[in-house]
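By written order: A, B and C. Residues from 1 in each chain.
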Amino acid sequence: MNIPFPDLTPAMPEVIMTSAAVLLLMLDLCFKNKALLALAGVITAGAVLYFLPVSMGETFGGMFISDRYSLYFKFIFMVNLILTILISIKYFQKQDEETGEHFSLLLFATSGMMIMASAKDLIVLYLGLELMALSTYVMAGLRRQNIKSNEAALKYFLLGAFSSALLLYGISLLYGMTTTTDIYAIADHINEIGSTHAFTAAMVLIISAFAFKIAAVPFHMWAPDVYEGAPSPVTAFMSVGPKAAGFAVMGRVLFVAFSEVQADWTAILIGISIATMAAGNILALVQTNIKRMLAYSSVAHAGYALIGIIAGTDEGLNAMMAYMMIYAFMNIGAFAIVILMNKGKEISDYEGLSKERPVAALLMLIFMFSLTGIPPTAGFIGKFNIFLAAVEAGYAWLVIIAVIFSAMSAYYYLRVVRNMYMREAKAPVIITRSLTLDFALLITAVMVVLIGILPSIIVR
Amino acid sequence: MIESIISSIGIGGFAGSMIALLIKIAIVFGVVMLHVAYATYFERKVIGHIQMRLGPMTVGPHGILQPVADGIKSFFKEDVIPSGADKAIFKLAPVVSVFAALGCLAVVPFFDGFVLANINIGLLYIFAMSSLSAYGIVMAGWSSNSKYSFLGGLRSTAQVISYEVALGLSLVGVMILSESLNLTEIVNAQQKYWHGMFIIPQFLGAFVFMIAAFAETNRAPFDLPEAESELVAGFFVEYSGMRFALFYMAEYIGMLVMSSISVLCFMGGWTLPPFILEVFPSLAAVPGLVWFLFKIYFHVFVYYWIRSTLPRFRYDHLMSLGWKVLIPLALINIVITALVKYYC
Amino acid sequence: MTPKIFFIYFAISMTFMSVMVITRRNPVHSVLWMIGLFFHIAAVYLFLNAEFLAAVQIILYAGAIMVLFLFVIMMLNLKEEVVAPRFIGEWPIGVALGIAIITMIIYSVFTIQPGPVGEHTIEAIQKTTHAKAIGSLLYTKYIFPFEIASLVLLVAVVGAIVLAKKR
């Protein structure tokens, strides 16, 4: 039998990423110094960035599509990957739990996200999601001596398995009704025969699974425990990567496959979005642990980004994508500061940071302002674009709700700032600097300010 | 053959084929049970002579009626169920063992055209059934509520799972060469080559299969699940009477099944290699069943031979042999076979 | 007619076995019921002429995965389910949600219109044999998902070793 060899050019970034991940697993045996693995990871990301622009088109019999939409998300994943690698080198050395597999799993997770962003077929989408999810479950449990880390991995795994099941139920329903798993063919089919309740059921199941990945209410329960328990660099990684990947597939499936039933999913998403913003912001108010606070803030940010999808326009989608990019910079920056501190678990640990370490405090201030959405930081630009798109699409009332919650968020973000600048330190603040961590902080801080001043570099 | 007789007396269609099938099942079952009875006798004789003893001699001439006496004894023995046992599972375990072993026979072609169910996935069906045999042992080990049987059950689980991988992979080469999973077609495919036996191109696969088959049937030197000398009989230590005999039967049927897969997949089944037939054309007149049985008994003899020669493996040696030697060998065999098949 | 009777039998007994799996107090019994369930699922595959899938279902699920399940349960020696007090008291909400979801699914199931018949009908599979059909599909049309699945399994193996090995 003659088996045709598929055209690999459009999938070149994924090919590089997966081969590098496998290679890293083997290199792990040869090198005692894990920083070399990290370097290899960064080089891989660089190679992928180089190949991204030339990798356009469809391949694998139309199961894989590389278009501008997926390229943008892949760019976010690369930013996420590079920054995470930079902030994790020192962290694991400090914890004395250094594993080479960490870097290889990071690469595997990223290839899963890239496959998700490029999936034109629901089977590919599911497998990419599973590749990403399995790697992140393991990474969440990398601190094996730490019981919270174990809890995080287990919780994430169990709930993630449920969400995968929901996704598969939805896909199987769709397949039964259309006998195809191609996202575009499903859209044609719905166009032809119109929607039924069964299509709505499938859509609800699929949206639930995606809502789990982006940690939207009511599928957010895992987020605080997992974020708190997982090693901090991993938390930074999975608060951005899986979320962006979830938004990527959500955008493609809803805008393409279910474009005919836009009114239905808009109604569902509005409910989810309001609940997400409410739960995220209100629950963040009472947190004392900074990682839990950032977890709820991450839930809240998913709510804002959802508004971009609800708008249902290309502008909305673009604003959502830009928001994800900005969120990557500001959130990883905030986590970098958390990693920088030797003792930085509680929000009260940040008291008096400005006296002892003014630069670190200033950077944290920038990230907190940006997460709140205060100009002239990037966070403001992100929210502004999304709200603008939503107002243009006629959802002014939703924007008003979002702004109210956004104002509420200032309380808990600025509490960190108040602790840093207006309180005296109870104990001396010790930080562990390293070249890579400094570099990551530099990139994130510069980008957050730069995007705030010159939004055109990121919003197209 | 049987079908034509049935239809000649006027029962046709579905009912006729069902009756023919039942008659075939009865024949196979009877023959296999007889084989099992005399396989034990054969074993004791072979091992006896290897160890310079005579083996059973008392019951009948040269002890030929010994299996009958054994059967009658186990049938009338008291059936003891330990008080702490999980009764339902305790009773189910030997049945599952025998069921899994007998189930395999459904797809084994004994000679050209004589097979109970000629299905497309014969080989996979046998894997499925033999993977079930682990349950009989596990259930027996767990439900007896005894340390020794429990240890035997655990050992067997790990052993059977590990060696099943090697067993399955070792036959992939045969599947590639014959392009089929049907056992009859695999035999026919071997006739197309001059050697008439896949053991020649697939010597690596045959080697892995033989070793894995020993482990899969829990025979020496891999008889850790029973290990009489350390676990006093392992998983069936609590069984007596007929239930004990069922486990014994399952073991010997399992041996027969593994031997017949080896004969069918590697040694040409009921056929003779073409190069032998060229030299002795008159051998073609001998019925295929004779050659099939001859090859099977050769295998069965090897089982006894090895049992009486080799000491038992240590448990960690068993595991590392399975995972670090046999599985890689089987994988290499697959790669080589696929490459040769593709490029030649 | 005969296939229908068989199907009804399998459907009923599968439901029964699923209920038994989740209601048994002894985890070993649950696993054994589950194995019975897998056999029935394999039989349903046979109705679709998916004999390869049926065999793989038994070899992998019944023969390998459930044995490992049993192995772990036996190692832990859980004779009876560990009874812990419920630490959240929101079961009425769970029940309500469950009923809501079941209602939604039942309601929507009646509106399902089966899609157009694909090219791999039962007759087509009968002609090519199922193992061949599935093999050629996996290596042509579905080569990409097939490769990703291999990566997923690789990650699972690496993850299990990373989390379990002694250091």
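Just so it is clear, contacts are C-beta pairs under 8 Å (C-beta built on N, C-alpha and C of every residue); 3 or more make two chains touch, one makes a residue touch a chain.
Just so we're clear, the structure is a prediction, and the values are computed from it rather than from any experiment.
Comparing the chain pairs B-C and A-C, the larger number of C-beta pairs in contact belongs to A-C.
Closest to the middle of the protein, by Cα centroid, lies chain C. Placing every chain at the mean of its C-alpha atoms, the farthest one from subunit A is found to be B.
Distance from the subunit A centre to the subunit B centre is 54 Å, each centre being the mean of its Cα atoms. Centre-to-centre, using mean CA coordinates, subunit B is 29 Å away from subunit C. Chain geometry summary: the mean Cα position of subunit A and that of subunit C are 31 Å apart. Among the residues of subunit C, none is found touching two or more other chains. For subunit B, the set of residues that touch two or more other chains is empty. Among the residues of subunit A, none is found touching two or more other chains. Remark: subunit C residues 104-105, 107-118, 136, 139-145, 148-149, 151-152, 154-156, 158-159, 162-163, 167 touch subunit A in the complex.
The touching residues of subunit C, when paired with subunit B in their complex, are 26, 28-29, 32, 35, 51-52, 55-56, 58-59, 62-64, 67-68, 70-71, 74-75, 129-131. For subunit A in complex with subunit C, the residues that touch the partner chain are 1, 3-4, 6, 18, 22, 25, 60-61, 63-64, 99, 101, 104-105, 108, 111, 115, 121, 123-124, 127-128, 130-131, 134-135, 137-138, 141-142, 144, 153, 173, 175-180, 189, 193, 196-198, 200-201, 204. Here subunit B touches subunit C in the complex through residues 86, 89, 119-121, 124-125, 127-128, 131-132, 134-135, 138-139, 142, 150, 153-154, 157-158, 160-161, 164, 168, 181, going by the rule given at the top.
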